[in-house]
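Quick notes on the structure that follows.
Naming follows writing order (A, B, C, D and E), and every chain is counted from residue 1.
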Amino acid sequence: MELFLYTALFSPLVGSLFAALFGASPKTKIAGIVPSILLGVSFLSSLILLVLVMGTGLTLHVEMMTWMATGDLYIPFGFVVDEVSVTMMIVVTLVSTVVHVYAIGYMDHDKGFNRFFSYLSAFVFSMMILVMSDNFAGLFIGWEGVGLCSWLLIGFWYHKESASWAANEAFIMNRIADLGMLIGIFLIYWNTGTLQYEEAFAVMPSLSTDILTWMGIFLFIGAMGKSAQFPLHTWLADAMEGPTPVSALIHAATMVTAGVYLVVRANPLYELIPSVGLFIASLGAFVALFAASMALVNRDMKRVIAYSTLSQLGYMFAAAGLGAYWVALFHLMAHAFFKALLFLGAGNVMHAMHDELDPFKMGGLSKVMKGTFLMMTIASVALAGIFPLAGFFSKDLILEVAFVEHHYIIYTVLLFTAGLTAFYSFRLVALIFHGEDRYKLFGIHPHEAYKFMLIAMSPLLLLAIIAGAFKMSYFEMVTNLLPATEYHVHSAATYWIMTIGTQIFVALAILYAYKKYTRKDIVVPDGTSKMENSFAYKLLINQYYIPYFYQEYIVKAYRELSEVFWTKIDQKVVDATVDGIANVFYQTGERTRVMQSGNLSTMLKWMVAGTVALLSLAVVFGLAARYSAEIKTFLSGLGV
Amino acid sequence: MEIGLNHYLVLSTILFAIGLLGVIRRKNLLMLFFATEILLNSVNISFAAISHYYGDLTGQMFAFFVIAIAASEVAVGLGLLIVWHKKHNNIDLDSMSTMRG
Amino acid sequence: MLSPVNVSIESLNLMTLVPMLIPIVGALLILVIDLFKSEQDRSLYVMLSLLILGVDFISLMDSASVFHKNGTIMGVFDVMLIDGLAILSQFIIVGASMLFIPLALTHKRFHEFSYPEFFALFLFMIAGFQFMVATDNLILIFVGLETASLALYTLIAMHNRDKSFEAAVKYFTMGALAAGFFSFGSMIFYALTGSVEINQIAEVLSANKYADIGFVLVGVVFLLASFGFKLSIVPFHTWTPDVYEGSSAALAGYMSIVPKIAAFIVAMRIFEFLIHSGVVWLEVILYIFVVMTMTLANVWALVQTDVKRMLAYSSISHAGFVMAAILIGTTQSNSALFLYWILFSFTNLGSFSMLWISRQKNLPAHQQSDHSYNKFAGMIKTAPVAASIMALFMLSLAGLPPFGLFWGKMYLVSSAITSGYTVLALIMVLNSAIAGYYYLKLIVYMFMREPIMEDSGHIYSANATLPLKTIIGIAAIGTIFAFLAINQLLEFITMFVYNSGY
Amino acid sequence: MLDHILSILIFFPALAAMLGFVVHKDSMRSYGVAVATIEFALSLWLWFAFDSTVSGMQFMEQIALVPTFGINYIVGVDGISLFIVVLASFFTMIGIASLGETKDIKNLIITLLFLQMTMAGVFSALDAIVFYVFWELSLVPMLYIIGAWGGPLRIYASVKFFLYTFAGSLVMLVGMLFMAYFYFQATGQWSFAILDWYRLILPESFQLWLFVAFFMGFAIKVPMFPFHTWLPYAHGQAPTIGSVILAAILLKMGTYAFIRFSLPLFPDASVYFMFPIAILAIIMIIYTAMVAYAQKDIKQVVAYSSVSHMGVIILGTFALNVEGITGSIFLMIAHGVVSGALFFLVGVIYDRRHTKYMSEFGGLAHVMPRYATIFGLMMMASVGLPLTINFVGEFLSLLGFYKQSHILTLLAGTAIIVGAIYMLAAYKKMFFGVVTKEENKHLPDVNKRELIALIPLAIITIWLGIYPKPVLGTINTSVESVVSLMHEKAQTQEAKSRIPNIAKEASAAKNSVEEAH
Amino acid sequence: MFEAIAFYLFAFLTITMFYIAVTTSQALYALSSLAAGMIFISAFFFILGADFLGAVQIVVYSGAVMALYAFGMMFFDTTRDVKEKQGNKAIILGLSILSAILIVVIVSAPIVGNNIEAFYPMTEGAGNVQEVGMVLFTKYLVPFEVAAVMLLVAMVAGIVLAGKKMDLSLTLMTEAEILMMKEEDKNKKALS
């Protein structure tokens, strides 16, 4: 059994190293094919493990070797395959296999083809470590590993200034969150004495709530960074500078969900601190709405999808925060499928449009790109949560959870967001695939993607459609580990009203979007329309001015402060002090060397002067000694 | 008006001070040497006086050796002056300040 | 009427005079040889002096073993005082003289060495210093001091160029003033105690419990001024740089060691008992002197452009450093003084010899003085071995372990700490750091700059002969491998110092 | 031979350097490589012969030097010093092997061999004076390396380096002499042997002063804020090999000395000064990282990053528990490897372009992909990515200090953020974007000679990042004994509670294990 | 009374003479007044009963030293006015006045302890010269001999320094010049 585990874990690494061998050589297909096959192997292994876990209910726990051991600290490279991790493994390996195959086509013309696969497989490996690790340190390895790969991949086209900038932004923002996570790990270690999940969680109930709350908060800060929750969300949209398969794999399906995974994984902790959970849920709901609102007006196809991802992550956190861990995980899984699909579709469009991203410049592509059109539509439907696609089952469940747990505000927000989601998804679909062929204005000749790319996408398509069917079996499996709370609205009537009401609401939103954006008179906005000048539009298109704020008041301030530290403090104060002290001596020497005038008479005078000075001192002292009694009387008379 | 030891000591120190005055104001080396002679001689008076008042001969011994020393110094000092004078034709100490700093 | 004097020869302990008599006899011998046959080569006189000093050294060893057996000996009507200090310092005086006299055998001819009188005066001077340290009678100290000084003035002048005359005259004049101070100071002590012997003075003073502290201080002031001159304590130091610059490097090196150790011994004898009797004033004044001398000499050394002048200031600073030993006044500190001075002798011998072998007769245009810094620019390229050796001496002077001077410095600082002079210890080490700069400056010139003239390697050893190289070799070995000898030296010195009651 | 292996390690390079004067200029490189390889092999042998289960000193040698004054030549290694000794010889080896065309290469190699002697000496000396001797002596070769082969400001830089450190260590010498005096007072014997000193329990007030005295020497060497300004100059002006050894080994002397002297000798003072020093360390971390961000010269970036990382090491040291101290020692090695490698890398580009200004570059990833890869790896190691060598040390150091203070660790933890900021920014400036400068368009990638240095370092970076156990275990054993010694010696209540009692914990752990069985 | 008159008289004279010696700009005056002062000092010695010392003072100073100085003066040709540039007069004045006041003030206070025991007491009934001789050749035999050496040193020094050989400096000559000079010397000798 361990064999499968190791296969699943290490075949991506092998693939990565294989591709890396060709890193400096010109593009070879084999550098793409071999990692893809290896990922397929990894997927199969994961599948076997899934079957095993599902079938037997056993969890697999191996300890490969010691990593760090000092004092009381003991951290092994330990891996666990249980219901939660195996879910993630399946999601990760499946999506990444698809994306790999897809990328063989997508990156076809890129010079960095070999390098790309090396990075991508390395990412998968890191992600596998993240989800399979049996302790927090191992999680952190994967956590940072995916961060590194994300940096490499976002900045893959490093010659673009924006790409390398976005890569750095992503890395640094993640680092900020990682610090929180690190502190969380320290807290866990010093309070429980271990970093193994099982042992640590076993001790936790005996700890004070304060400490647990801090642990929960710091771990969640970590999750916030990786999952791009407010206020650390700006990097995700910028990360769209990376190649589209990267966006699909990393910034939609897997890495960004790591935060959710963390919260789910740490459910025994969060169970103990419901107040933090509520905070997470509230933040999730807020982000869901917040991100959706920005997606409404954005004119960058990939960014819209990225905001949508953000919004969906909000959903997941809302579920997880309310204690519905399995629901969160389920939505995570479903979301991975349809969102990856959506991204890959968008990749096809980009390819066709020669990297044009503004949907206003497209339109009517459904004629040339039928397959892509189909897939993206289905993915959008799933995203919108229309029955019977995957999104319906998972997303509706979250609404139910919020409702059942009596968090009506969250419920309302999420419900409203569902409408927005439907609107912006279909705004995109409508703008890209329907209406006038606006692309012709720009002299582009779009074409459908390679067949095998579409075929590669098909598993995702399938899963986006049918994933909802696995809800119950999944529930049974995963609740071996997670709290098995079933969320049932008390009365059937309410349930049906809610469900159908939601569906109608969403459907209306879709229709509205279609109506609005399939019109013939849609033109590429040029900033003159009334809407574009409205405050709300400006606020949304500028992402609530948050990036601006960060740039102006944090990045710039940091740079200026750094300059000040260097030029003013380091050079003018610290170093100048040191040199100043040295100079005092030197200048004393320069100034007083005139004493050595070389004139004998002066020398004699110095000698006499020295003697006279000494004599005066001697007289003073001698007099003081002789009249010490009198001096004392005198001084005491003065009251000294 | 008994002349005590102190009288001699005061006299001696006055002479010593005169010697010091000479040492610091003389620029002509020869005359500077005169001043150093005065320094040594002034002390001799004290030695002799102390010796007298204590009835102890050590002071006179000291004075005797001081005289010897003074005499030797004259010899060496004059020797130095002669060499200097031969080369520079002056014995002004302001002329000898090539080394400084 | 005077009664006839009856003294037995045994009670005179005439043996105590032997170490001083040997150089005197030797000097006379040299004068006599010259009388019979003049125009002899200087090598004859160098070797003769070396032999005489060797014999002197052996006789000192003899005295040392006697001291070891019987302790302090007084001799010749109790004028001579052969205690540990006297023996140790004579070892240094004679030993250092032996190391310095071969420096006369230069490749180039210099004026002084053409005189046999030079060597005679040299030996007389040594005898003078020996008398100075081997007595506690102020008269003999004075006479010995003057004998040595007069000889020394002459030796300086015999180099026979303007600067050396100037140096000699300056030295002489200030020396005369210092002699005046010395006699005045002695007079005051004589007036106070009726004696000119230091131990008697001490006894009398402590018997009347320092009733006249004011006068004691005045006496101390004058003695301090005169020994301040000899030891080049700031502000009585002004002669030092000029005299060092004016005299030949060999003699300058000699002056930085031998006259000073003699003066230190006397200072130790005079001031030690005063400090131990709780004369706070003296302690304060010495403290100020020590700090001033170390620090100011250092800052002046910083700005020098001539290496020899820099070394002059540096030796002032070292003297101030060692003066701290007298201030501290424990057995450890006094032992440290000797240890320091022995190690300093080797290092300074080396550094001045290095200057000496690079002495040119005519200065090239870029060189303002005999040994200006830029003369040594890029020396590592043109004369690597010489540069390395010179650097070695500089590092040792800077107190970099494990080279010789470090051990002395360490032991001295330790003695300060042991006696509670923590701040002084800190000042001492920080001064070492300042001093590091100017020693480093020479290293920087030698190792890090480009040579000003191509193929100038020969000038660095233009004056070298086998004897000179041997001396430098001895100095280098003594500096590098000092750590092997520290233990024996320390044991030896401590025993002598301790048994002399210091 | 094994009995004297430390002495051989110390004096073999010195002897070789002496003989090196005779070797012809053209053959000098081979000679240097041969000697350094032998030295490295010897140090490896030392490692293999080292018994990692023993916590005390091994391979001790003792020769009387100045017994009257308690100075003896005592050397020995324990887990704390072992790896730095190995690392030193390793760096000397690859440093010499990767030397490019340099003027006066003969002098350079001889100097490096002397430097190797002093480094081996510092880390194996067990007598304070012997330690001091090597400590000071190490300045001289470095002075020469910077001063003779450095950039335009080399003389200023080298003299500043020398004098600054020299001044600091002289204060330390006063501390040592004081310590010996206290020992003398307590026992009537002079001794400078560190192991003797360990047995001495000092009153807290003395400890404080002595701690400060030692601190001056160590802090300047490390260099801790605000004594760090010599370092950018030294690095900025030094030739590649000088920077490499300076960063990799010489700086470690300071932090090593903290662990060897300050902690075990003055446990109470260590606790007393823990927070002030931690605050200094945090300033070092954040402030210098920001200063690094403002640099225009890539070498200065790496130089300031060194200071920043040294802050973490200091923090780990003053965690005063096994985790933190072990971490800080490991981080010393890690930082040695990584910053050494970074300086090598900077040297590579400097050799080609003779400039270190980042604005001169851009898009190098395209021209020199292998170079960019190795640089990227080292940069990631430098910012503390897990599975690289740095992370282990940084993680443990911070983890250790977290026990002492939450909020300060939180501040110190910003190291991982600010570190990323300047490193990524620098990397971006140099390697990303398009090649704009004509002269950059045809730069050759790293050559074989440079790879000799870089590949081993890359391998170590990853190897010890993944499998630090062989090193960590050995360090741990020795650190445990240090910590338990500190706990025993601690007198104040504060110190007793801050420094964990390992003996108790160990027995408790044992009990729990037994129960489990 | 006589002693007092003599003391004050000679005190006045010596002070005057020495003052002239250090202030006059005429070298000849200075020399003469110095010599006079020396002789007056010997008067104190006689007053104090130190006959031997008085005699030595006159012989050595007025005889030997003054003669030497007189020769020197003739050699230096300083019989005319000596111009001495004075730097900062204030310093000189200040220093000298300060030192004078200090020393005098200090020493005018009663200095002597009461119970001083003479180590080498004067013997009743013996002449001063005899006493001195006795002490000089017992206790101070060594200093006396050393003083003899010192005088020898001074003599040698004087001869060397004032000698003709100093006129040409080997130090400043190159080797070639030295050889040439030696050669000439030989030739001269051979000729003579």
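What we mean here is this: a residue touches a chain if its C-beta (ideal position, glycine included) is under 8 Å from a C-beta of that chain, and two chains touch if they have at least 3 such contacts.
Keep in mind it's a predicted model, so treat the numbers as computed, not measured.
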Set of chains adjacent to chain C and to chain D: A
Relative to chain B, chain with the most remote C-alpha centre: A
Longest centre-to-centre distance from chain D, chain (CA-based): E
Geometric centre: closest chain by C-alpha means: D
Two chains joined by the most C-beta pairs in contact, as defined above: B-E
Chain centre separation (chain B, chain C; CA means) in Å: 26
Where chain A and chain C are represented by their mean Cα positions, the distance between them in whole Å: 76
Rounded Å distance between chain B and chain E, as computed from the means of their C-alpha atoms: 6
Rounded Å distance between chain A and chain B, as computed from the means of their C-alpha atoms: 94
Junction residues of chain E - those touching two or more other chains: 92, 95, 99, 103, 106-107, 111-112, 116, 118-119, 131, 139-140, 143, 147, 150, 153-154, 157, 159-161, 166
Per-residue multi-chain contacts in chain C, two or more chains: 139, 143, 146, 150, 153-154, 157, 169-170, 173, 177, 191, 194-195, 214-215, 218, 241-242, 303, 437
Multi-partner residues of chain B (each touching 2 or more other chains): 5, 9, 12, 16, 19-20, 23-27, 33, 50, 54, 56, 58, 61, 65, 68-69, 72-73, 76, 79-81, 83, 93-94, 96-101
Listing of all chain pairs that touch each other, if any do: A-B, A-C, A-D, A-E, B-C, B-E, C-D, C-E
Touching residues on chain E, where the partner in the complex is chain B: 1, 3-4, 7, 11, 14-15, 18-19, 21-23, 27, 30-31, 34, 37-38, 41, 44-45, 48-50, 52-53, 56-57, 60-61, 64-65, 68-69, 71-73, 75-76, 78, 82, 84-86, 92, 95-96, 99-100, 103-104, 106-108, 110-112, 116, 118-122, 128, 131-132, 135-136, 139-140, 143, 147, 150-151, 153-155, 157-162, 166-167
Chain B contact footprint on chain C (complex, rising order): 138-139, 142-143, 146, 150, 153-154, 157, 162-163, 165-170, 172-173, 176-177, 179-180, 183-184, 186-187, 190-191, 194-196, 241-242, 245-246, 303-305, 309
Chain D contact footprint on chain A (complex, rising order): 23-24, 65-73, 137, 140-141, 144-145, 148, 151, 155, 158-159, 161, 164-165, 167-168, 171-172, 175-176, 178-179, 182-183, 185-187, 189-190, 558-559, 561-563, 565-567, 569-570, 574-575, 577-578, 582
Residues of chain A touching chain E in the complex: 601-602, 605, 608-609, 611-612, 615-616, 618-619, 622
Complex interface listing, chain C residues touching chain D: 380, 384, 395, 398-402, 406-407, 410-411, 413-414, 417-418, 422, 425-426, 429-430, 432-433, 436-437, 440-441, 443-444, 447-449, 483, 486-487, 490-491, 494
